[in-house]
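Which chain is which? They are A, B, C and D, in the order written, and residues in each are numbered from 1.
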């Protein structure tokens, strides 16, 4: 039983002691947007294979948690899938856009509609058009949206809604995947998703007659896209700068392009 | 003549024995371990309430509770949609789970043979072990499509949440209700049967009323579980932040909204989620209090 | 009797909350002899026994007045540590209560908690104690088997052996045979007769015949009071108080 | 007379139906997940790293994540919980302070896991700057399972007969000697039950670790590394629609682990003759 006491005391000491000690050198912690996370993990994998002594920890948590972690020094790099807010810039955050992700408007594959104007999309998401009949389809529209605060939603509202409020009469899902499965299971659904994560279970609509492709985003004819960025407190230095340089270099940008993101100016 | 009060032996002995000091140290270490729970409760309260405080102060708790518009991007934090959503989902779950659970408890305690009961009882305990995210997963792939094809609409609905929750809270209702029924003295049954009542009359008029405190406790505890459940509910309810009275509508709950939005929430939005958490915390603590009160009143083993 | 007593109580009263359980008891227990406490249920005899090594401390709301002297010093003095006290004044309970351990571990428990670590020394103590408790021959081949597998009488003798292993000076026995059959009772009684040559023993019993067989002195209790005490044979043949006579002739209890 | 029989027959029919429905549900849920999942489980799935966020490959790091989080949580919670249970059952007879502590324990037991998550995020991750890490997740889990350990252990200790304590004390053993050498060994099966119930809860938890452990799909090499347990991985697989087969398989692995742990708990509890909660 003495051992039991020793154990008790040492666990207490351990948990307190560990709280105080520092991180290994040669490691980077990247925290933030779950949309950027998969791409960052691939970048980290590539980077570590070139620099075997360096550990890159990539964690989710969301854009805000990422930026906040960078401000608080919990993370070396924050990841954001939305514009950096003024309040965050005021804390000395330096963002770098590493790629852009198109936001596609998606419907059920069997939906007759395949092209909408941006005004029609706005009217649908504002709850002004509630029936497909008004725009060439059948049935009542079921709107699927991302949750409040999501980068995809933020970008969609900023670019498409133009200060018009979105309807409350919608299903709200926590991820692009969940939005897609809601649309795939509901013939009358419409929603917006990350282009890089889109798959064949849903049909992507043309907007103003322009197909949703990376080329069209790059040439500016398809305007709904959001920035993926990493950020540091102040200017990046040391390992963090090295990793950012890698991401912005040829190899890094190619990894992102291969995964369906829009890179380059 | 000397008077000695002998309530705790250690208080009035002088520790000449060298071992006594060790005893005292152990006593203190154990006491400290016991107070960790209190410390944890204090810290949880302080940090959840503390983080939610700015929004509480800025908007006023009453405005938050009664506000019907939840639009964090416009800094509008009406929480009535989540409050009513939580209430509806929970009531729906209880409506399904209480009759099933109490029925099942009666079956196990009064009707089935001991052999069958001993076989079935572990199954219920195992049902309680299934992680909530597994229920959520099954809800998305099986229940939502089923509701869609049965009732129309998208299938994502408060009803879907209620059904998933009902399954999740069934085991605790069955367990506690059965324990309470079994703890009733055999005399009750004999007395009632000796008066010529049928078994059902005995159960309905004698045993169930006598077991009421235990069953009530089981329902209150199940309610707490249902109100606080996050993952499973968030995955199937559709999370629409709009006040509704219809179980077939999509809707949001307090816990579900926190789970859904915490990762992207910044500044005031984040604080608002903690405020939502504070209300959730208050509701749960009230339920806990009631459960503890009923328990100590009815001397029910829980 | 008082002067030569190993342990004695003087003007001793005990309360459970408001209930006055022992009323100003004065009684001495002579060394190397057996004193039996008798009386009907609830008369306070067990309470008095448990006061002699302060086992009553474990019950909430107990309050005592008066003295219990062990070799002249009051065991209720504030500077007394109950741990060495209970080592000196050991107790055997109504129901045999061996620990759920092996026979060996049961006996070795006491010496161990008092600091004995050497295995060879412990083995000696176990053998010696079991021999003193007249159990050695029955269990010497299975010291590692669980104590709870022994019969009731063997368990009770094991408990006595366990007590002897800590080298007490006073043995308190609370109806030690009430849970045993007649044959086991006989064996325990034989053991007790043997032990009283070395130890001061106090036995609570409601079996008058047993008290007559084993005790040197007798004290009769009724409703929290000690009615009378004296040499066993005299008291049994010639009680001076009518309550004692009523009890002995079986009118109550 | 007939009417009474009819009432009884109807009632018993309904009761029987509720039992049948409950157990059919039980069989359906477990059977569905296990059958669907087992088809996709093989040695490779259990021992290889996921690729493309889990669309391909196995779940090895998430199994380790679950085990490490649970292990560290127990390392913190078991000594604390057992010590607290000992204090409450052996060292005190009540009083206002003890009533408050008991209230705190009962309250902790009722607090939903999302609140533990919020607390962990605000206090451990941000305030103590432990970051999204194994340690943050494990501490949040430890506090969550603490009441389970305390209550189950206390109950086990209470079933130890008072005879043992009295015998030990009467031999001149101190309270701690009595507790550690006699009472605890006798209550050991109950303590094991407590540990099993707590690990089952920790293994199955999602919300509390989601907000505290980070969720990186990597092996954690120190307490400061982030990690992703199986529950969280299943959530991502299901919610992000990454891979349905892998979601089933992960759910099955998770379920098997939890069921094994709970079965052990039930086994020890029945062996020990304790009551269910």
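In this text, a contact is a pair of C-beta atoms (placed from the backbone, for glycine too) under 8 Å apart; a residue touches a chain by one contact, two chains touch by 3 or more.
Keep in mind that what you see is a predicted model, and the values were worked out from it rather than measured.
Student: How many hops, at fewest, get you from subunit C to subunit D via touching chains?
Tutor: 1
Student: With centres defined from CA atoms, tell me which chain sits nearest the overall protein centre.
Tutor: D
Student: Compute the distance, rounded to whole Å, between the mean C-alpha positions of subunit A and subunit B.
Tutor: 34
Student: Could you give the separation in Å between the centres of subunit A and subunit D, each centre being the mean of its C-alpha atoms?
Tutor: 33
Student: Could you work out how far the Cα centre of subunit B sits from that of subunit D, in whole Å?
Tutor: So the centroids are 16 Å from each other.
Student: Measuring from the mean C-alpha position of subunit A to the mean C-alpha position of subunit C, what distance in angstrom results?
Tutor: Each chain reduced to its C-alpha mean, subunit A and subunit C end up 79 Å apart.
Student: Touching at least two other chains at once: which residues of subunit B meet that condition?
Tutor: 7, 19-20, 26, 29, 33, 140, 235, 259, 262
Student: Which parts of subunit C, given as residue numbers and ranges, touch two or more other chains?
Tutor: Residues 58, 60, 83-84.
Student: Multi-chain contacts only, two chains or more: what residues does subunit A have there?
Tutor: Only 8, 60-61, 68, 173-174, 178, 181 qualify.
Student: Mind listing the subunit D positions that touch subunit B in their complex?
Tutor: That would be residues 4-5, 7-8, 11-12, 14-19, 21-23, 25-26, 29-30, 32-33, 79-81, 83-84, 86-88, 91, 93, 100-101, 103-108, 110-119, 121-123, 127, 143, 146-147, 150, 174-176, 200, 203-207, 210-211, 231-232, 234-235, 238-239, 244, 247, 251, 254-255, 258-259, 261-263, 265-266, 275-277 of subunit D.
Student: Which stretch or stretches of subunit A touch subunit D in the complex?
Tutor: 1, 4, 7-8, 11, 15, 18-19, 23-24, 29, 31, 37-38, 41, 57-61, 68-69, 72-75, 173-178, 180-181, 197, 199, 201
Student: Across the complex, what residues on subunit D touch subunit C?
Tutor: 93, 161, 163-174, 177, 181-182, 185-186
Student: Please give the residue numbers of subunit B that touch subunit A in the complex, ascending.
Tutor: It is residues 26, 29, 33, 69-74, 140, 144-145, 148, 153-156, 234-235, 238-242, 250, 252, 259-267, 269-270 of subunit B that touch subunit A.
Student: Please output the residues of subunit A touching subunit B within their complex, sorted ascending.
Tutor: Contact set of subunit A toward subunit B: 5, 8-9, 33-34, 60-65, 67-68, 82, 85, 87-88, 142, 147-151, 154, 157, 165, 168-174, 178, 181-182, 185-186, 189.
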